[in-house]
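Two complexes come next, and they have one chain in common, subunit A, joined by subunit B in the first and subunit C in the second.
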Partner chain A sequence: MSGATVAAGAVQLVGGVLLGPAIVGLIQQVKARLQGRCGPSVLQPYRELRRLWGKSGVAPEPRTLIYTLAPAVAAACTGLALLLLPIADLAPEWGLGHDALVLVGLLALARFALALAAWDTAGAFGLMGSARDLMLSVFVEGLLLLVLLLFALPPGSTDLLSMSHAATLPEVWEKPAHWVAMIGLCLVVLAEIGRQPVDNPDTHLELTMIHEGPLLEYAGRELVYLQWSAAARHWIMLVLACELAFPHPGSFAAQIGVLTGGVLALSVALAVCETVQAKMGVLRVPLLLGSGAALCLLGLASWLAVGGGG
Partner chain B sequence: MSTRHVSIVPGLAPAAVEYVRAREWRMACERQSGAGGRFCGLFAGRGPMGLQANCVFAHADQDHVVCASAPGGEIDTIVDLFAAAEWDEREAHDCYGLRFDGHEPLRSLIDHPAEPDAWTVPIHGHDAYRVAVGPIHAGVIESGHFLFAVVGERILHLDLRLFYKHRGLQIAAEGRSLAEGLRHVQRVCGACAVTNTVAYAQACESALGFTPDRQLRQARTLLLELERLYNHLNDISAICAGVGFAPGATAFAGFKERAQRLNQRLSGHRFLFDTVALGASTLRIGQADALAAREELAALHQEEGRVWRELQFAASLQDRLDGVGALTRADAERLGATGPVARATGLRHDTRSESPRLAYRSFTPATLLRATGDVSARLNVRQIELEQTFAILDQLLSSRVTPGGVKPGGAEPGDFKPGDAALTGLGVARVESPRGETVCVVKTDRRAVERLHLRTGSYANWPVLVCATRDNLLPDFPLINKSFELCYACVDR
Partner chain C sequence: MTGAPQALAIAGVLAIFLGAINAGSSRSPRTGLALQSTGVLFAGAAGVWVLASGHALGAAFRSDIHPAFGLDPLSGFFLVIIAAVGAPAAWFARDSLRADGSGRALAVATGTFLLALIGFVSARDVSTFLEFWELMTLVPAGAILIARQDTEARHGVFVYLAITHIGGACVWASMLALAWHGALGGHSLGGGLAAFVACASLVGFSTKAGLMPLHSWLPRAHPLAPAHISALMSGVMIKLAIYGLVRVLFDWLAAPGPWVGITLMALGSLSCLGGVLYALMQHELKRLLAFHSIENVGIVALGLGASLVLRDIGADTWSAIAFAAALLHALNHALFKGLLFLGAGALAQAVGSLELDRMGGLLRRMPWTGTTFALGAMAIAGLPPLNGFASEWLTLQSLLHLGGVTHLGVAFAGTIATAALAGTAALAVYCFVKVIGLVLLGLPRRPECAQASEAPGAIRASMVFLAAGCVLLGVLPGPLVGRLAALSPGSVSLGGSTSLEVPGTGSLPTLALALALVALVAALARLAHAHRIAAAPTWTCGQPPAAALAWTSAGFTKPLRLVLEGFLRPRREAQIIVSSTGIVEAVAYSAEVPHLFDTLLYGPVSRGALRGARVARRLQSGSLRAYLIYLLALLGALLALARIGVLG
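Entry: the complex of A and B
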């Protein structure tokens, strides 16, 4: 294992575990500035987590093991997903491989665990939120698979390392399929991390919640796991977007630089998007994701038509 | 049956009171509406013969009050004639024990029984379920419990449970002097403080046979429009916030803040508290201050117009507003909707156009080209009304504001003696609040309050919200609710 691989593994772990809340904080801060407010510091999500960590938990009655285990399962799935991510086309072999489909599966499993927990306690807001989440996930996961498929076409493999490596080659940029996949990826990122126009993470209105709904029942450390998972999901999706879609040729150090710049730029872009876009009606979201999927299918057709594989 | 009938200036005459027997009650109310009277509220009271039912009707020239004694504590319902009387009858039953024959089931409103069947509409069908929200909310919202009956995301019915902080202010005011009564009304609601107190003051003045002079009319109209200004700006901000459209929400929240600072400068209070007095006004705005206020209002108007135009081009915002929470004109009329909510459906009623006690000269109610009755229409009506308010304020501030008073008048000479301590009367006043028509009835007894009844625009519109919510999506409810933006305190009086 080379030094660069070890460094990539370190970024995977340190970045994934620690930097998620900073991305959330950065988005909040930029949003506040764009709205003419001072806003909380970038470090505010960390303070929230520390505050919650020190609180005792309150659990609803009746509940079963499903409710109790859900935060740990969700956090574990997110933690494993961190290890799949390529950093600068590299990643240590953790024994999981680096298959894109495993990543999709882990994200789905985390969502499923939370939906089961909502079902377990049968709180109205939790069930409502997770029902919407599952309804949307039908479309989000479909689109995510299509996008990953498009990125997997050039290397001919769903291995994230090869996919990431293929994006460095300049000829990828001549293919319309790559551009279309980038558009699809933007939609997936928005939906997967629960940002406007799909979901409003800042709302206190329980009736409109999607991702926040199932979290309402939790408190204390269990809530820390869930909040951390949500923050780490930001890291996963943004790093994935940078690695698969952004051009990043050059040395390891340069690649890390491009990755840092990319994550920062995407965070700011998310904040801008969330500021200028109102939240969509919940039944309009499938339409948005569906048009993304249609676009991806067009990209696939274009790949086949120009004989991209040959 | 006896009718007191006095009239010289349309709208300035004191209310005509018609006393009827219990069995003639329904017929008398029917006759009022047949003669073009508009139902403006029902309330119970205690008379010498036991419980009493009173019903207010607004006519073009004069308000009428039908009073009937119900010695047995029971009277015929009129809810089948006036659907808007539903809450009034339920309240009269809860607070006074007055039973309404034929109002079945008479569900409790102010009383909060634990048993859901006692206050909710039954829902059948195996896919229907209930979602309960409140009374404690995550935001800075007053106490209200919303129980939705839902299939999937679609709302079948909404059961409202408000009155969590009912203070009994109306009862507390009984027996107090009229001036103390004003202080009770002042505390009913913060956002409608001016409307409520002006309505009360006008009702008292009408009962005592006074009419306001020019200065008093100018001062009160100015205060009412200042109240409307900050409320409408706030409501537009709230609608933007309801769909997560931050630029609109922040900009209009900023405008509201500027309007409230102007309130502070002109009246000494951001919510214009304690600016209304009985039979007088102490508001004094000099030439220089009036000019400065006009300049500030002109600047605010210009910037508000600019942001409003930007909202028109925010597709993601506009996309959320059309067709949501739609209310038909027929439903609005049937349920007695009032204010911007009613005008958004095409009803052309605004109490400001029939307010001779205020300085609204040749006022025309706001009308929409496309009165669709949905959230979008309610938003647009508010903007049109803001334009009117800016124009009225500019005109009112074109001269300095000086203290005003009242003069005898409004009834035939000899019918009353101003300042007569033995005078007993009944005054009715209707004032347009930012949320609709507020009706205040005061029965005076030797310059004390015998009975006070305040029916605010919010009170009239809450049942209408239920109708507008039906068949909409559950996640759209907060938006629909914000497009009504009704007060809880206004009904918890």
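Entry: the complex of A and C
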């Protein structure tokens, strides 16, 4: 195993575990600046996690083992997903493979666990969020698979290592399919990490919330797991977008530089998007995602029209 | 070396036969059912041997009508499916059937049904094949009528028999055409007749498999049967229609052309999306599970269709992978759907009605039933690390690779099927979150649910058996997938024992993923609970949580119903009766999602058929003179035909 692979593994672990909250903090900070406020520091999410870690938990009645295990399941799925994601075209062999569809499966399992926890407490608020989340997931997963299909066309594989490697080839950039897949991926990122116009992460109003809903009953360390998972999902989706869509030729160090720049640029873009764009009605989001899917079909047609893999 | 497995298979069949006789003649059916359960396990062991060794037993296929029986690896695999569901189902029946006349009759029907299923996969000539095909249709109809005598059951059975017999006619036509041309065990049939046979067998077998739009009997008939018969119908019987389809399309027809595969994929996409969507809108557990059978058969059809198309364009490796994916999903579905139907039976025995909105809180009262049921629900929702994920992963991979071929039509079919399957997987998660939430979690919504007690031993044992199968095939599907891929006409070998190593993917290390997931969850849960956790009631704005205020099935699925309003066309009526003083006295509310296939497709067809029957009835006037004229006209017509030489 080369030194670069070890370094990539270190970035996978350290970056994935530690940098998620920084992305959330950065988006909040940039958003505040754009709105003319000072805003909380970039480190604020870390302070909140530390505060919560020290607090005692609350176990609502009624509950079963499902409620108790759900935060651990969500965090474990997110944690394993971090290991599947290559950094700078490299990743050590953790024994879990690097398949894109396994990543999708792990994220689905995390969503499933949280939705069940919302049922378990017999409370009304959690289910408002999880019903919407599951409804949107139908369209998000459909679109995500189409996007992955388009990105898998050049390497002919759903292995994330070869998919990310294929994005370094200059000829990929001449294909409209790649550009279309990028647009589709942007929509998936917005929906998957719960940002406007799909969801408003700053609100706890039960009439509008989606991703915050099932978290309401949790406290203490269990809430830390859930908030960390939400933050790490930012890292996963942004790194995935950079690895699959951005050009990153050159040495390992240059690639890490491109990745850092890409994640920062996407975070700022998300903040700008949240500032200028109001939240959509939840029933209109499927339309947005559906148009992304239609675009992906056009992308496939263009791929075949310009000779595709031949 | 073939003596031992042959003896095993024969002993198994004899044991089922004796078990059926014993169940019918002795006072309690328990011994007979135990004998049946053991017998079907013996037959399954013979199936495992045939599948693992690759050697055939008994006769080979022949195109004549002299009865012959035998097993080849494909039959062996379906025999394993029969045993995997049949053994726990018969064992389950020991505690679910009463020791009275109808209980004994149902036990005999169970044994007959098992024999019919085994007979169908081991039939080696056309007459036995068709004979057991019909028996397989009729026995469950009988079982339903033994268990229930109400009008709804009779109507359901009538619809079941009517629709499956239209399909059955197509099966007869295709099988007789194949046998006439010696395609069974001889040269595969090609040419123009092959297109006819392909169409007839697609209609015939997909009716029995429950593929949309020929599925209408399935959600009617499956919920009516006793739980263990439902498990056999949903888990095994509809899979044997897939067996017939595989035989005809892969073995007996020579390369029928890409349109067959694309048609199968279209039917599969429609079934999996439509099945799960209507399942989501159901409010009764067994009816919901029946709609999920349509979804899962659709996934199997997607895999088979992809395999046919890939074979046509010369991608033999991927054709074999898609074939293995379809068969693996057939087995997986048998396991988790068997488990869920048996679980539904156990729940019904404990609390009575299976109305989803009137259950709740059963995981605490029935930990064994609840846990195994939740495992089955996770598996059917296609979540890692259980078996549903492994087979859906393989199917999705083969559809994704279909999108990468250079043929425009094929690539589009593959892409649309990919999106359909991805949406289906997410919808299945949605649906089973709803089921687990309404049935097992939250507060009990009926006194029966608050006082429910755990199911008896035999029922628990049968569910644990099936749940263990779901976990085992989720963690170690590798060896089986290798064997199944080798069964496809392309004959390729796939590596990997603890993981699915498929070229062109990042591989699915099933064992490592499961272990890592379990270890990480255990460690994290331990770490969180090392800290103090205080108990408190759930926050519902200061009130105590009340069962009457809990979410309902319709409420939880409302976002999706609103999004898909144009397609689902939900109907609702609210009537508020206000007194003259302005006080609301009563509110009448009803809502439903009508099954559009019934209103838009089956309704007009059955109305047309009735109208045709009214016209045809005029011919049967009852007047002797009219009948004499018919005879005379027939005679004249025959003479005229003979005169011009048409009759040869």
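Here, the second predicted complex is superposed on the first by the 310 of 310 C-alpha atoms of A that agree within 3 Å, B and C clash if a C-alpha of one lies under 4 Å from a C-alpha of the other, contacts with A are read in each partner's own complex, and residues count from 1 in each chain.
Just so we're on the same page, a contact is a pair of C-beta atoms (placed from the backbone, for glycine too) under 8 Å apart; a residue touches a chain by one contact, two chains touch by 3 or more.
Since the structure is predicted, the reported quantities are computational estimates derived from the model, not experimental observations.
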First, second, both or neither for A:Q196, with subunit B first and subunit C second
first
Superposed model, subunit A: greater residue contact from subunit B or subunit C:
C
Touching A:P176 in the superposition: subunit B (first), subunit C (second), both, neither?
neither
Which partner does A:A124 reach: the first (subunit B), the second (subunit C), both, or neither?
both
In the overlaid three-chain picture, which partner chain does A:L101 touch, first (subunit B) or second (subunit C), both, or neither?
second
Touching partner for A:G257 - first (subunit B), second (subunit C), both, neither
neither
Return first, second, both or neither, reflecting whether A:G39 touches subunit B, subunit C, both chains, or no partner chain.
neither
Thinking of the overlay built on chain A, is A:H204 touched by subunit B (first), by subunit C (second), by both, or by neither?
first
For A:L283 in the superposed arrangement: first (subunit B), second (subunit C), both or neither?
both
Report, in rising order, the residues of subunit A that make contact with subunit B in one complex and with subunit C in the other.
124-125, 132, 282-283
Residues of subunit C touching subunit A in their complex?
361, 363-364, 374, 378, 381-384, 389, 393, 396-397, 400-401, 403-404, 406, 408, 411-412, 415-416, 418-423, 425-427, 429-430, 433, 436-438, 440-443, 499, 504-509, 512-513, 516-517, 520-522, 524-525, 527-529, 531-540, 545, 547, 549-551, 555-560, 562-563
What residues of subunit A sit close enough to touch subunit C in their complex?
56-62, 64, 66, 68-69, 71-73, 75-77, 79-80, 84, 95-102, 104-106, 108-109, 111-112, 115-116, 118-125, 127, 130-132, 134-135, 137-146, 148-149, 152-153, 156-161, 216-217, 220-222, 225, 282-283, 286, 293, 296-297, 300-301, 304, 308-310
If we count contacts the way the header does, which residues on subunit B are in touch with subunit A in the complex?
130-133, 137-139, 153, 240, 242-247, 250, 254, 314, 316-317, 319-320, 473-478
For subunit A, which residues count as touching subunit B in their complex?
31, 34-37, 124-125, 128, 132, 196-197, 200, 202-208, 274-284
